[in-house]
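Dumping the structure here so I can ask a few things about it.
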């Protein structure tokens, strides 16, 4: 049986999205299917902007960050009539299923399509790792290593100054990146959206680190923490305590790296897993990595929820920074 | 209850070993225990060459490859009288348990000590990922990313030449690194110890890649494959086929990198897990990561066995390289 | 003749300072001299805090950023009686000359000592490249590559969004790093302290880049430019133009990298050049790289001046970003 | 006056070639000229395979290694009738001058064209740095940093083993890369094509390093040295001395890196310099960097010669490795 599927990337771009598109495409072609690449996420779905992807079209993508299909925002996709237009386009083109590579918002869009009867499934991809349905999502490992590299560099220079160094990493609602970067980088303090704190605790933690003989004092803060880097720098400056806090704000640098081996392998496996699921007649799920294997989780358990950080790892961060 | 444990690294050094030592040390100190670091692996155990590790002694180690405790070879540890000497040293120093960070050979030594009644457990660490008892071992992720970086660079230059490029990675008995580097790097062919092959298949695969319109032709070979890089280069040179094969042999470069975030986190978690296990009175096991969680596997299921590559992933490598 | 010299690092740490210390030390030892390493810059000179450096003491330093001698601030060194105390220490220890590795402020301190009759010379080292006396200073190349790596990553993610990306690099008075990072990274606009600008020009440049069909719009701003990153982000936010500007602030991350080959070679050559100069009886100069060769420039031509950016390269940045 | 020029890359690809093409193209367009990009080096010139390059066609190239124009070998270009065919193509297309980006062999081809009356000039680009006419050529800095990164990694793992580590870098006739990598990496011994040596000297140097208390013993060998890595490994193996030598052979990995800031800036400046020269009516020269400035050297002083290593730096390598 010949089959025609579409694939799109949506939401914030994540390193490894290209590897996922490649894997979906070549896995499907290996089954004799046809794959259509949708440009600019849901916007391209609405506009009917897609083209066939051959095996060669997805060559040379493994090492490239971002997404070659693009990933524009499309708030109007929340309207049912807009989604109906997208469905008409898909049906007119003879496309029988859709693979959505993205994070929380993206999977919500896919769930809505699937609810309207169009077989859709998701591939878990966001650097925030806040998506329920996959213990780890495509892009996290690369973003984490970029943050870690910055922390390592700060520690080199911090060792010769009695100051606090602050590094702000991504994570609006979820402190996963901050926490993991903090453990891997040996930060003295990690500030996450999930846990409240006051600025004075930072000064105390830094002084305490120096008292214990540490050669540096590093604080990792998630952008969505109660106070972000800019606010903290201003706080200490305005309070005029003589306490110096130097900030590094990584911003989108974390999205743009060459994908790590982990992200390429994860993307390759999840992309192939999405095709396998469709081949078995499964849709309405997010394909993710759980307990070391590729598995599927129903949209109903995924959308509208946010994965939090592990209390056990938060505790580990504290113990290991002593 | 006050407790005194020893920790050593053994076998080939792996990136992340230092993070594991740090985690064992600080996790134990947090429980009020004393930690002795053994120099040069089992050789130091026999010589009674160890010193107390304080929290500050294991600072600044997260970003450092290798092992600051050293890891000399010690073939004489296979003799029972030598091990008895080691045990006398341990007992005389009041040490009540031993943590061995290493791969297959290292765990065999630990199992022998444990069989002699001295509580010993292992932390899974080898870049080869051939150790049963942990789906992934400390050092693999870093070694893999180093191999991948080399493959990425070769592809850039390969794209402008109609030649075959060969890259030899580590792995005497296990093709894990070669296979994963091959998938992540998009190699046209992966040659592993587990599967026989003849040199002519390489020429055929490379010609086929160019016929299919590929801009490069890359072969990843494990050092323990039926024919290694040097032998393959000589074969094609001697056969005088006009077929050019350029080889890169990474060698120990793969061992020496700055540990990735993944390896630091894995080492941090396994090291803490080892202390947790001892705290619960568990020994005679290897602490590893399985199904996404830290778990223990009895020495009896670990020693004398070798983990092989996944047939499913070997098949995936083929499908995705089309 | 036996000879005894001292070496210190001062001011902001720069990648390659360690390589310079190593080179001074081993070059001097090769001549049969004795080398004293001064801890914490001028503060250590005043406190008499130094120790002999043997060849092995400076091993393993080439790949390390920062300075293992430390580099504390020492504002009181501007007072003559404080400097006299330092001189008494030096004379009492039988030290006959001093090598100061650092930037503008550091060389001023050295010049003052030299004016007081103590043979002193400088080695040009600052990531700002604002020091007269060396076309390029130790640390610049590493800092530049770190900034460039961030720009490359931003471009990957920028290509899928119609936004402006802003990256703030070091440089309080000198736009060298910003300008060079801008050329090497293909920035659409470079904002330097040497040239005034108004925020609206940025919006215009970014819109213009997109109009010309560019896939991204990147602005590099020196921290000492008329408006820095934080001010610019607030400006566009407050003006409520709908124009989005995302900022990355690198901060001290630029200081902490593993020194590049260029910085290690430059440091090795300048360090050896400093010893050569002393051997010829030359002091009161800064040792730098000019017109491709190691050369010396009298303190009188160095102190109190600041090297600016090249108008020709500023023009090149504009032409090549079209 | 409207003007039409062609640009090609030839010989081994070097990181930064793309930046040079971009710079030639945009610098020429800024003068109102038309630029034709020649595919596959001299082969494309003979086949008349070129196309116009607009400013947007050379976007996104700065960070890419290799050459997007390709660089096939073309031995038949040594025949006059083949070159005459190339000239007929150029004249028929109204092209008035040619820029050749490449190394020794490439500049010889350009000189031949220029001798036949067609205005041609070269841009110095080869990772070997053996080209007379530029103190440093495009691609050297990137290749050097890749070699250095491998050396740094080897040192990490070498520190825990009493063995010799050997790393083979590029350089058939010129030891520049080996020498510079040796100095920057702190190698105990550097083996270059310019200086003869016997294998036993290597064993001696390594034993000596350990005797002096070094934690590692690293030898850098150029591929064109009297004995290359493979031969040395076999020698020590066959002699059965018990002396272990582990080899890393980097091969083409050195060509394929993301260009460093230095290479991008050098390429940007030399490319612009080529256009400047043509604008002044200059041809028959190689554009290079000498004494810190962009300058031109007549083909007659460039072709048929090879730049050697600096004896002074060879001596420095020895002094600093003590």
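Order of writing sets the chain letters: A, B, C and D. Residues in each chain are counted from 1.
Just so it is clear, a contact is a pair of C-beta atoms (placed from the backbone, for glycine too) under 8 Å apart; a residue touches a chain by one contact, two chains touch by 3 or more.
The structure presented is a predicted model; accordingly, all values stated were derived computationally and were not measured.
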item	value
Third chains touching both chain D and chain C	none
Contacts common to chain B and chain C (chain labels)	A, D
Centre distance in Å when chain A and chain C are each reduced to the mean of their C-alpha atoms	36
Distance from chain D to chain A - Cα centre to Cα centre, in angstrom	39
Centroid spacing, where centroids are CA-atom means, of chain A and chain B in whole angstrom	28
Residues of chain B touching at least two other chains	152, 155, 159
All pairs of touching chains, each written as two labels joined by a dash	A-B, A-C, B-D, C-D
In the complex, chain B residues that touch chain D	13, 64-67, 70-72, 146, 150, 152-160, 165, 230, 246-257
Parts of chain C lying in touch with chain D, wherever the complex brings them together	22-23, 26-27, 29-30, 55-56, 59-60, 62-63, 135, 141, 144-145, 148, 152, 155, 159, 180-181, 183-186, 212-215, 258, 260-262, 264-265, 268-269, 272, 290-293, 313, 316, 319-320, 322
